[in-house]
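Next up, some structures in structure tokens.
Across the two complexes that follow, chain A remains constant while its partner is chain B and subsequently chain C.
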Partner chain A sequence: MKRMVATKYRDTGRPSKARTLLEVWFANMSAYRAEIVIWMLTGSIPLIMLAVWIGKAQAAGGAVGDFTPQRFAAYFLAAWVSQQLVVAWVAWELDLQIRQGILSAKLLRPLDPLWEHLAMHVTERLVRVPLAIIVIVVGLFIVPGTQLTPDLPHALLYLLSINLAFLIRFLIAYCVGILAFWFEQAIAVEELYYSIAMFLTGSFAPLDLYPVWARTIIEWLPFPYVIYYPVQILTGEANGLEIVRIIAVQLAWITIFGVLRSLLWRRGLRRYGAVGA
Partner chain B sequence: MGRSSTQTATRGKRGPFGFILRYLRLAGIFAAASVSAQLEYRTNFALGVLGALLEATGALFGLLILLGDGQSLGGWSYYEAAVLLGLFTFIQGMIGGLLRPNLNKMAEAVRSGTMDFTLLKPIDTQFLVSARNVNIFVLPNLLTGLGVMGWALAQLPGVTILSILGGIVLVGAALTIVYAVWFMLTTTAFWFVKVENITELFNGLFRAGQFPVTVFPSWARFLFTFVLPIAFITTVPAEVLLGRIRPASVVSALVVAVGLVVVSRWLWLRAIGSYTSASS
Partner chain C sequence: MKHLPAHTIQVAGLQKHYVVHEKEPGLAGSLRAFFHRKTKLVQAVAGVTFTIDPGEMVGFLGPNGAGKTTTLKMLAGLLHPSGGSVDVAGFTPKERRAAFLKLITLVMGQKQQLLWDLPALDSFRVNQAIYEIPDDEYQATMREFNTILELEGILKKQVRKLSLGERMKCELAAALLHRPKVLFLDEPTIGLDVNMQVRIREFVAEYNRRFQASVILTSHYMADVTALCKRIIVIDKGQIVFDGDLGELTERAGARKVISVELARLVTLERLASYGQVQSVEGLRARLEVPRQTTSSTAARLLAELPIADVTIEDPPIEEVIGQMFGGHRPATADMVRAQEPQEVGS
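And now, the complex of A and B:
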């Protein structure tokens, strides 16, 4: 049996590497489906904020600024789904692998460990889909008249944009995890990210409601391109050239963090060898 | 020194006061032991302080956004909501410092069978599984929570010594409620075995407690008052601290606290009654 699997993938060449990784990790992640459901519900801030802002809108007689309960519902349901789709825990994986030396075995493979981490994250997303659909349906039921997306093109462009958003988040986490080559508190840095990301990505409120000075600063950071801007595409707030701009900026951030990751990785590996781990 | 105090503690004295003293002393010994084990990692502390400060700044900034339209937050002003926010941070710190390091180990102990050793000890088992460990790395969060609360209370005119004392009593009730809910959730490990993550569900919902319950639409308010009593954990104690005492909610908070402790005790006794160790 084992041999059969080996021959099956041996002669199909390069694409089969990706396929093997994805198949293996999908099976792996499916085993954790109960845990994944719980983790999904733990990242509940957008849903809590949905309730808070709708409560505010109702108390103010229907709307906060030009945000109606329906517009809040569309924004936060989209933000919640987006948060599910960009989750990255690769910093923890790297930290563990580097500090415990598990990385040594991985380095023997003819494949950058990045691809295995990527496969792990991508397949885990698939396990999240069923509950995501349930939450959206319940949300649309609780706030009648909510329109999540105006048309198919916006939904498809969102799919592209949220994948780019995931890559930004994944590469940031990867760079943080690599820090474990140099010092022991890489995870503490990652936790710092969590303590402020909620406000910088737009999970807490649409950036339109931020004070102008804060919005100006945040626009120059990668964080709004992880949740706020993809959500703008899905809900139809962004159109035409604005969508092109969002995707271009996302690609730019991916390039920046991708190059940074390669540099850090190469220097880190040299150091890893030097301590003889 | 450690040995002699252990002996006095376990020997015990007669009468209810001797009983309470004995358990207080045991709690002190447990705390000292786990603190000295953690002092080895004190370099993590600097980043912990930075994290707590960032989190508090972020949360205060969040209130600024929420009140940016000039309307109140469910009838609460900025400083009033900040008192509640500080209280929420403090209670989250207490969860991280006292509950998480103990109760999260319970599920593992049931699954692997090491619960046997706990049940053999000559002290109350619920006390032992609940008070064995302390995590001192939450200290920065406790301090920023108290700091935000103190700072905001100082800006408000209605606060008196009496309201602060009443607030402290209700914070005690709030901590009791949180403990009982966490304890019951983890006790289900005796029947369902794999429940390590179940308390994370509580944490996810509990984050709603950083806002006054009055801000939520009615369906969510119902959920947070009667299904998961978040209202009694942060909103009611904060109201009392602010001198806005509503007798009905105060009495309900105390009744809920006592009731949940009784139920959690009953559940625990049933759980260890049905425990048959790991291999059987």
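And now, the complex of A and C:
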């Protein structure tokens, strides 16, 4: 049978999808600014660890290994900011949408729901910026002599790297959320990720202080590329070719999880279509 | 004309079954289910066949769990059929191609697609972008929807602050913004007051007229269906039990009306029964079933001859109509009342 086509209209310009999604979601996220501040404070492990490690450094006569209080301060402030910038709750969002059937309404639209989730996350980040700046200024003031970043190129490369880090984290969370197509308790995996990531991303301590065997294993996982390595770039610990390597590995992880997410999504939709939407 | 218009929707032998897990209640049941999961095959749709033409409006009727929603979801591409074939506007729905999704819409009760914390207008903008609707078409559509649905003044309010009816109007507008050619409306008026039901109905009729859209509508309210659809498909237990003219259906089954009366004081049941078939009695309230043709004369006689405080006339509930039509069984209450006569109505 002949296919129908939508009525053709003279094209008088149409809004860009990306811009509209970002504008509207920014408005939506702004409605949640108070909640977002509270969520930011719950993600404060690096700040607590900063106090712990400085205490330890002082007790040990000024430094732990090569780490002075100033170096700790730079590391954990950068880690805290990074953690703020890579937050992803899309697993919860998907879990809810899949289990309660809200996904159906989204599937009726000719757009992969991924893009809306992405817009949601990106705009939420912007709402976090003002408080993040305040925390950094206060932090730098409390530990005098702390240098967060050596120069502008490092800061700019950090911006690139932390956005890639966010994509890694976002895609991991997306894959976990998709598991809700099969398991009622998919979100437990997300909880597990959260507790593991705490240790493996470098939020608790710089990976330099980990035992060599642990460090060797961690290097082969995506986790250090979410917090630790972007922090290395910002604080000027990583330079030149090392920065290129970090970004290349980040791109590789994005590709891996991007492909995995597409595969899971396609299979998940088949299951959704089979057992009920 | 070179050729007759093709069918918009073509469904043949469509089936959907689910495997459901059964579990006995309680801890023991849970433990048993943990080791031996009992499964049961449920036939939600057991082979339905029909076609729908461009611009045609069809009402889907049937009791809860008859398979109406499952069928609509298969037509919209959300559920994959277990058997049979579906063709909607030349597409296979389950492939969910963008060109297909732009031609259809599915409105499911109050399943919200509007963003809760923002004005509806923002959700409309998102849909405009997602459906790639050119600006002038968007403006034109919004102007039309504004007039028919009277959206003025509610578009800029936060969706969470809208009343149920206002929200439903916005949901419908959002779902039709891309001017789909095929509408699947699943209980679009559920929970709305009568005025709002009428408004929504008028909107759907107007949309159908203007855009020559095909519409499949399911509803619990007989009035929705009678106002909009010439053709009715009745589904029961996953199968089509009636497909034809609305007039024929009402003749076959809906030839009766229900008069509900509230009495000012007690009256014998015998006396009440002389006006029609007494269906239920509850305190001073009673429900009488009467032939459609004599409804108004009976109501007039009731008012003149009995101490009536209030009277309303309505269609029998749709489930009852279908139950009577295909099962021939009457509601239990009527039998109970009849078995107890004679007695006095009231407490």
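The rule is simple: the second predicted complex is superposed on the first by the 262 of 277 C-alpha atoms of A that agree within 3 Å, B and C clash if a C-alpha of one lies under 4 Å from a C-alpha of the other, contacts with A are read in each partner's own complex, and residues count from 1 in each chain.
By definition in this document, a contact is a pair of C-beta atoms (placed from the backbone, for glycine too) under 8 Å apart; a residue touches a chain by one contact, two chains touch by 3 or more.
All values derive from a computational prediction rather than experimental measurement.
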{"item": "Which of chain B and chain C A:Val244 touches, first, second, both or neither", "value": "neither"}
{"item": "Partner chain in contact with A:Ala51 - chain B first, chain C second, else both or neither", "value": "first"}
{"item": "Which of chain B and chain C A:Leu159 touches, first, second, both or neither", "value": "neither"}
{"item": "Chain B versus chain C as contact partner of A:Pro211, first or second or both or neither", "value": "first"}
{"item": "Contacts of A:Ile133 with chain B and chain C, given as first, second, both or neither", "value": "neither"}
{"item": "Which superposed partner A:Gly43 touches (first chain B, second chain C, both, neither)", "value": "first"}
{"item": "Partner chain in contact with A:Ala31 - chain B first, chain C second, else both or neither", "value": "second"}
{"item": "Partner chain in contact with A:Gly273 - chain B first, chain C second, else both or neither", "value": "second"}
{"item": "Chain A-touching residues of chain C, taken from the complex the two chains share", "value": "6-8, 10, 18, 73, 76-80, 87, 89-91, 94, 96, 98-99, 101-106, 108, 111-113, 115, 117-118, 122-123, 125-137, 178-179, 181"}
{"item": "Residue numbers on chain B that touch chain A, as the complex places them", "value": "43-44, 47-48, 50-51, 54-55, 58, 61-62, 64-66, 68-69, 71-74, 194, 197-198, 200-201, 203-205, 207-208, 211, 215-217, 219-220"}
{"item": "Residues on chain A engaged by chain B in the complex (per definition of touch)", "value": "34-35, 38-39, 41-45, 48, 51-52, 54-56, 58-60, 64-65, 142, 184-185, 188-189, 191-192, 195-196, 198-199, 204-205, 209-211, 214"}
{"item": "Contact set on chain A toward chain C in their complex", "value": "1-7, 9-17, 19-21, 23-24, 27-28, 31-32, 101-102, 104-111, 270, 272-277"}
